[in-house]
Structures are given as C-alpha cells and as structure tokens.
C-alpha cells in the first residue's frame, strides 16, 4: 500500500522543487506502479514537432521519483545514480503517458523501469531503467507528511 | 505470428552455434514475446551458490536473440549493439526463467527487454534491455527455414 | 579533420533549434573530440544548489550531437537511440565542462562517451555513453555549410 | 597506491573463484587503472571467428572487479549492480586487452569504465560502464592479504 497519496506527492513536489514546472498528473498509484500524464507544452517541442529527448529523460527520471515517493514516503535526498534510456519512436503531439514499475526496492538502491507512450499511439516512444540511491536513514525516518 | 517455431529456432541455433551449450528450452513463443527456461548446471555456479553475473548477461542476450529469430526468421548476422543489465537479487539454485519482450522491431534496430527470474522465486533477479542491429537485407530475405 | 568549425556548429544549432537556449561554448573541437563549456544559470538549479540530473542528461546528449556535427557535417536528423548515464558526484555551482569522445563512427550508428565536470573540481560529476542513429543518406550528402 | 599487487589479485581470484578459468594477465595496475590481457582460446569463439559478446561482457565485469580489488583490497562480496556495454567492432582473433578506469570510488558504489581492444587493432571493440555495490563494512575491514 502506497505511503503517500497522489495529492501528497504533488504537494511535496511543489514544496521541494518549486521551480520545477513539469505539468504532471498522477493517474494511478499503487504498490510498485505509477502512471503519470504529462501535458505537452511548447517548451518541450523541437523541430519536426516531437517531444525532445531530454524532455523524455526528465519524464523517466520524474516518474521513477514519484513511484519511490509513493513507496517510501517523502525522501527529498534520494538521488538518481543511473539512467539508461532507449528512444524507440518519434513522439506525437499528444500528452505523454509514463508508466513506472518498481523492479527492486532495496535498502540502498531502488531500480525501476519506465515505459513512455504518446497518448493514443501504439508502441512506446521510449523505455528507461532508472536507479535511485536511498539515503541510509530514509527507510527508518520516512513517513507520510501527515 | 512468429516466423519460426520453437523447434526451428532450436535447430537453427544448434547448426549456427554448434559449440554453444546453454541448456535452453523455449516454453512460450508468440509475437513479441518469448519465455525460456535454462537448466542450472555446475558451470554457471560461483561461490555463494548463485548463478554468475556473466551467465545472466549471456542469458539476456540469448533470450533477445531467440525472440528476434522468432519474429524475423533465421538471421545469423544480427548483432548485439547494446546491452544494459541491472542485477537485482541473488539467484537461487533453481532453473532460470527469462522472459523477453520486444519494445521495437525496426528495419535497422530491434530493442527488447528481458526479465530474468529464479524459478519459484518472487521478484526478478535481473532485468536487461538489449539492442540488436539487423543486417540491411535481412527484412527482405529472412523467411522460415521451410 | 572536423567537417564544421565551432562557429558553423553554433550557427547551425541556432537555426535548427531556435528555441534551445543551452548556453554552450565550444572550447575545443578536433577529430573525435569536443569540449563544451556550459554556463550555469538559474533554470538548471535544484534544491541543494546542484545542477539537476535532467540538465546533465541534456548536456551529455548535446555534447555528443556537437561532436557528431563536427565529424559528419550538418545532419539535423541524426537521432539519439540510447543514452546511459551514471551520476557520480554532486555538481558545484560552477560552469559545467563536457568532454565528448567518439568511440565509433559507423555508417548507421555513432557511439561516444561524454565525461562531465564542474569547472575547477576533481573527478567527473557524471559519465554518459550516447548512441546516435545516422540517416542512411547522411554520409553521402553531409558537407559543411560553405 | 594500490592495496593489492597483481600477484595478490591473481592469487585471490584463484582461491575465491577456483572454477573461473578466464586466462587473464595483469599488465599494469595503478591507482584508478588496470590493464588486462586475455588470451583468446577456443571456448570464446563463435561463427565468423570473433570473440563472443558474452565473453566481452564477462571480460568487462572481470576487469572492473580486478580494479576494485586493487583499490580496496580483497572484498569477495562486492557485487555488480549495473553493466552497460556497447559493442563497437568485430574483435579479431588476437588477444583481448581490457583497460578499466575508476570514475568514482564511493563508500557504497564504485563506478568505472572499461574499454576493450583486440591486440594490434585500431579502435575499441567494446566499451562498458560497470557499477559495483560495496558491502557496508568493506571500507573498514579490507586490507591486503599480508
């Protein structure tokens, strides 16, 4: 059972990263899984009308962070240690859907995979695996921001 | 619909790679998916009784190759260009189950993910993404070995 | 010998990606190598005062693209197919230095590595390997914008 | 200054992994760097006469492990957590040279890159980045086997 609700995660993100403006919406959150919808706005565009590679990398990293927050609670200091992404198809000019699935939640490392789609399209536009390092006292102190 | 049956793939592998001795069995093959079972034998062991990392990497590479054979037919010259693997849990002394899923089958590159389990255990022991380069005439000439 | 000068690359980037505003400066360009300096501005900051992970990923991707432009000339349609990054140390609030080295420039794929530093610090803050897919007619038609 | 000599590393490997038979020779070992030579034997061959991809992955993993042993002393329980490899050129039928460089040696994670060559050839045949997880008490207890 998640340790934070979607609303708690979005509140936490706004306070912890006030300048981050990625327009995310949590569509589903359950143990080991989160689905985000990201509205496509001009700043993600590039010539040819596709969402840029760096935007997709930021989305993969964000989706995994949301999933980690949902599963261990508000740990601002969890850090990405590795991200591997394959770009598969050109995104369409539609909302981006990112689905993150936890592969392992250990004491020191969390590893997940993120599959990214254009809304309404067949086949993923990108697939990433992401590893986060978890601070050594996070598993003890983390709890929902009640 | 697969272009080769499990038996055709195993025959092809024996002829193309006679010295490869990985004891694989194709448990399921359908469009975009293959599941292999690999019997654990002494030569994969390492201290602590777990299947070695290099053996898991070879298994990930092999599972993706089997899936590619199933989808495009016998193309001996397809080459791995990138493999990224996360080791998640210590394998048990049980058969290894590898499930490969195609993420994109393009004209020049095929990208898939492989999730590797110990038979009977919860949670994967490793997860890999694998990219194969497809020879430029393979999509034209490849056909089942009828 | 590079096919584009630093000035030609920066002009090409401004025309091809007018909305990209990463403040890059090419410090050195030679066959198989480029060094970029990226001024740190507010929009890259995150809590704790470090350059964000997504900014480092964008820098790695950009450095490899600049190197590719320098080696094959203006090919707007080269696309990133894979990026793998390890985050090693927290960046300081200093300029970012990115050094890209070509590992292989083939007809279809270019693979390079990018090592990213904080100016004046010991040890890299991140290391990436990046693969670009090259359009099939690029090696014939590409030439400097004379 | 390395904590183990090449001879100590090779002795340690023979005792810790008696069934591993990779014919390695440490050509150079200094702080943050090791160069291995691996004699090519029949069991690494594949059709076309090249060293197999799985053999190159095992070599990358081994080179990084040797480097870690050299830098922190005999820690049998260090585990690979991530390996990313790009295959660049077909190896020749010549000895394999693997050069491992430490990118970061932290308390919990060690990240390095390994560049693999065919002896006498231009350009690497493969490039890998490898992450090892270090047991939490390894940095205290590790010392050379005096």
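Chains: A, B, C and D, in written order; residue numbering restarts at 1 for each.
Rule of thumb we're sticking to: a contact is a pair of C-beta atoms (placed from the backbone, for glycine too) under 8 Å apart; a residue touches a chain by one contact, two chains touch by 3 or more.
Source: prediction; values computed, not measured.
Engineer: Decide which interface, A-C or A-B, involves more C-beta pairs in contact, and give its chain pair.
Structural biologist: Taking the two pairs in turn, the one with more contacts turns out to be A-C.
Engineer: Centre-to-centre on C-alpha atoms, which chain is most distant from subunit B?
Structural biologist: C
Engineer: Please tell me the distance, in whole Å, between the geometric centres of subunit A and subunit D computed from their C-alpha atoms.
Structural biologist: The mean C-alpha positions of subunit A and subunit D differ by 34 Å.
Engineer: How far is the middle of subunit A from the middle of subunit B, if each middle is the mean of its Cα atoms, in Å?
Structural biologist: A distance of 29 Å separates the two centres.
Engineer: Provide the C-alpha centroid distance between subunit A and subunit C, rounded to the nearest whole angstrom.
Structural biologist: Their C-alpha centroids are separated by 24 Å.
Engineer: Do you know which subunit D residues sit against two or more other chains?
Structural biologist: 81-82, 84, 86, 131
Engineer: Taking chains as nodes and touches as edges, what kind of graph is this: line, ring, star, complete or other?
Structural biologist: complete
Engineer: Which positions of subunit C touch subunit D when the two form their complex?
Structural biologist: Contact set of subunit C toward subunit D: 84, 86, 88-89, 103-104, 111, 113, 115, 123-124, 127, 129, 131.
Engineer: Quick check: in the complex, which residue numbers of subunit B touch subunit D?
Structural biologist: 16-17, 19-20, 42-43, 45-47, 53-54, 57-58, 61, 76, 79-87
Engineer: Write out the stretch or stretches of subunit B touching subunit C in their complex.
Structural biologist: Listed in rising order, the residues are 81-82, 84, 108-109, 131, 133.
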